[in-house]
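One chain, chain A, appears in both complexes that follow, with chain B as partner in the first and chain C in the second.
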Partner chain A sequence: MAITFQPSAYSGLVDQDNGMVSREIFVNADIYAEEQERIFTRAWLFVGHESQIAKPGDFFVSSMGEESVILCRDRQGEIHVFLNSCMHRGMKVCRYDEGNTPIFTCPYHGWSFATDGALVGVPFYKDAYHEELDKSQWGLIRVPRMTNYKGGIWATWDENAPDFLEYIGDFRTYLDILFDGWDGAEGGTEVIGGIEKWLVPSNWKFPAENFIGDRYHNISHRSVDLVGIGPSGQGRRDTRERDNARALDISFPERGHGTIVFLRPADAQPVPSYQNDPVIADYFYQSEIARKERQGELWRILGGPGTIFPNMSYLPRQPRSIAVWHPRGPDQTEVWRWFLVDSAAPPEVKEFLRQYYIRYSGPSGLTEQDDMENWNYAHAASRGAMARRHHYNYQMGMGHAVTDFEDGGLRIPGTVLDVTKARAGEQNQRSFYTRWADFMAARDWDELAGWRRGNGSGSTC
Partner chain B sequence: MVVANDPLALLLLKQDVETFLYHEANLLDDRRYEEWLELLTDDVRYWVPMRRNVKFGELEREFTREGQDINWFDEGKDTLTRRVNQILTGVHWAEEPLSRIAHMVTNVEILEATPTPAEPETVSLRCRFIIYRNRVATETDILVGRREDMLRRADGQWRIAQRQVFLDQNVLLAKNLTFFF
Partner chain C sequence: MADIVNLFEVEPGQTIRLHSDATAEVVSNPRDGVWLFVRYLTSPDDPEQVGAEDMVFAQDVVELLTD
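After this line comes the complex of A and B, so read on.
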């Protein structure tokens, strides 16, 4: 590797004044190794959904950064996240993807752990350890901080990290659209069985920045738009609800999260959608009416793709799903995809959505196949010695974002770039990399929680 | 395997079915996608489940369920036709430029032939496949698995009425599935 980077060098790699980002942060192995330390052991990461572990003993093996973790509900019904590595010699104590178990027994030397992580079985405990091993000290390594927010399970390895709600801040307004029911009922979603997992030969930040709000890449999806796979058989989505809406790119540079939304006019009313089937059309129409009643003015905000820093992305409406971009080396990402439906939706609606999700998403999805081709070869063509000398351009819409956006009396939290006329912008990506640079340079969470010092929130780089 | 009370008829049927499967593989590898679609019945079911690591004794949970879970594919002719049409737009970047693909079909077994192997209307078969895909410069995927097909005779020709594909992978090692099994 040509260069070893010092923390002070990271700000230079993300050139906020000029809207440029060095290709090194995508392709350099040293920087990648630093990311594992500085980002993935400190940030809040998405682990799974509580509906995946509904019963005591249920487990789901997930990943935090590069590392395997077990999401598990113990016999008392409490949820835990553990490092999936035996405390004796490191063997993975669980190599199943999901299931139900009273105990995790390591296949190497037989140490066994209860579903609350406690070390409960040690072969030859009496004869070989002379009963001197303090089992209470050798339970599975537990994440120090975990939260269940509306069914989504998040965890961080940093005990000094702020609470999850402080971590997402005002972005909560947008994340709620994902986890609440279509009618606005709090946390009214569940995961459909089957988590997509696949490898993409690209750095993890390519998909993360794409999902944070890249309205500019429509050419990528020209073929699916021509063919039509949307809920009504046309385009990619049912978009009548966006008629006359304002297009807003919203981000929080001090936190790194961002999303694109559509803001309906103040006098907007629910419009019929999904009209190919009366049961389905009625469900969504009635849900919209209920949501409007429940949420008032906030109902005007129509959610779009978003990213929670660093590597959890989502689509809150169509097709409703969560993607986590697990880093697997500078040149490889393992994508995991969860699909959500309203728990209370009738079977016809769930089935309709299931089919739509499959044809849209992931390696077999008519839309996302083309995304992965772009991330693959954008990454590949950025690795060369010559290519690395030239920064990527993130200048679109620079200087045009505001932090006091208001429309028809509704105040929109965040750094907002109104792209109704412009059609695209890169403020969200600039916010993402601003935060990336913060994480790479900061010593600890005292430095990372800049909003506590009252700065950062006004940044409009 | 079907009971071979008419071994000659079964042999001829197997030959007939294999010829059909090789013809189908040739159409796909020759990128004659529209002709391939004509080999599918209008009510075809095309299912490719995902595959989990599960405990011994729980193997019934190994595959995601058709019609219930998220699967790699779980669809009929309408969506398959849209997939073909997408490739034919010429701007489906994941297949533009087109991949080089070879389907190897092997271990063909006739599981059932109704009403008889001598005059079959439907045939259920099992086979193994290797799909080799190479695209752009050095990008190469090799997918291996088992396939279970149900063929139906229509207008004197075999048509595919059902295809079930069991891939021998957990995390999919290919970045996409832009080809047909």
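After this line comes the complex of A and C, so read on.
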């Protein structure tokens, strides 16, 4: 029998006081359906990258929750995001992954739409509609809020959502590491290669919480460390930049975002990486020097895996990539992974990174295969009637996070759990599920934007 | 009756005859198999259309007049 959850029930499913989360939120079909309404129609979602639609007429078919959307650049160069559904009978008007076109034509009855969304072609308009159809009212549904932040295109269906920069708040410090050039120059990244897409038999929240800061699962990747999939055969990443760094888990419970960070010592200097090839090594070394000059103290922050609530995760250093965990039912996630490089990098650097990315991430990547196995079997083993009676444990490091973390005069934004000695914590995951419960219970953005009322920003979970 | 015109093979500059008996020059082809962008050359039903650009639906294309 289906269980119907009232909004007030969600705080019970996420027990913040005791660090426990019900398995129901991962496996229950009713909760999944509510997520589509309460989270995916209201949150800012990552849609694609500007470099994918560089020319007028370029398009990329993306997804917002379960909904297919078209990201495109119109003839005037303006970027739009549209619901990929014909206004006549709902057929997908674009069934390609990407391309360039003057119009999107519905294959069902032939209605066609310009790249600015306007309905421009209606078969038998004169004879069957007697020219009485008001075309101006039947254009593609435009996603009402969209922003281009340093090349990343984000959108939300909720007209009342805060601006994107307010949505991410001080998490911007960490997101910038992903989108800025390796030398710290603003923006300057582009997508390389195609978008890898594959299905994982797991709820979308498993990978989202994994990437928000699960250092505890490093044991899963011991085999790739032993094999040495790094470019020179040393470990996974082939760099010593994390040596002597402090390990910080950083989250924003009032917003749901979180990341792993490594904080270099105040007297740290750039270290060489990828020394098997002098061109590659020189590019990254010179870029590090430039970044240090440009960023000053902020250069000490080395970004690690992170998640922007709800379903965009990223790796800002290497392998530099973005993943979106598209929900495809409670028991399935469609993963899309974008790979980023510096636009200005020499071709040999881009090719070097492309090879490394493929080896590390995606369905062919050795590291990501480890993760998928975990999510797959964890989900399957949580679906049974007995299994779902028992909560997951998220108690690691409870009560040890602070909101005023400072090191050598550098203030670190967010709720910070120093795990340098502990090596792992679950504060970021608790923040993620705290926000999940907020979204599931809140009626609107007046309630969700708790930081405007001074609520939640000091929470340490 | 003329054969069905395969719109994927129609090139800009070619001339088509329409269901309304109008003729038009193909300006561009989005190659969706459904629409053509055209400029009217003749239009017995509506002479004011001559010179105007329009989108033409596949089922309104009767035949290709030029190869």
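What we mean here is this: the second predicted complex is superposed on the first by the 458 of 461 C-alpha atoms of A that agree within 3 Å, B and C clash if a C-alpha of one lies under 4 Å from a C-alpha of the other, contacts with A are read in each partner's own complex, and residues count from 1 in each chain.
Note that a residue touches a chain if its C-beta (ideal position, glycine included) is under 8 Å from a C-beta of that chain, and two chains touch if they have at least 3 such contacts.
Values in this document were obtained by computation on a predicted structure and should not be read as measured data.
Q: Between chain B (first) and chain C (second), which does A:121 come into contact with in this model arrangement: first, second, both, or neither?
A: Once the two structures are laid over each other on A, A:121 reaches chain C alone.
Q: If you stack the two complexes on chain A, which partner ends up touching A:84: first (chain B), second (chain C), both, or neither?
A: neither
Q: Residues of chain A touched by chain B versus by chain C: which partner has the larger set?
A: B
Q: Quick one: is A:110 in contact with chain B, with chain C, with both, or with neither? Answer first, second, both or neither.
A: second
Q: Can A:102 be said to touch chain B (first), chain C (second), both, or neither?
A: In the superposition, A:102 touches chain C alone.
Q: After overlaying the two complexes on chain A, where does the chain B footprint on chain A coincide with the chain C footprint?
A: Residues common to the chain A contacts of chain C and of chain B are 101, listed in rising order.
Q: How about chain B: which of its residues touch chain A in the complex?
A: Chain B reaches chain A through residues 48-50, 52-55, 58, 61, 64-65, 67-75, 79, 82-83, 85-86, 89, 91-95, 136, 139, 170-178.
Q: State the interface residues of chain A toward chain B in the complex, per the touch definition above.
A: It comes out as residues 95-99, 101, 192-201, 220, 222-224, 226-229, 334, 339, 351, 354-355, 357-359, 362-364, 366, 368-370, 372-374, 376-377.
Q: Mind listing the chain A positions that touch chain C in their complex?
A: My answer: residues 101-103, 105, 107, 110, 112, 120-121, 123-124.
Q: Report the residues of chain C in contact with chain A in the complex, numbered from low to high.
A: 28, 30, 32, 34-35, 37, 55, 57-59
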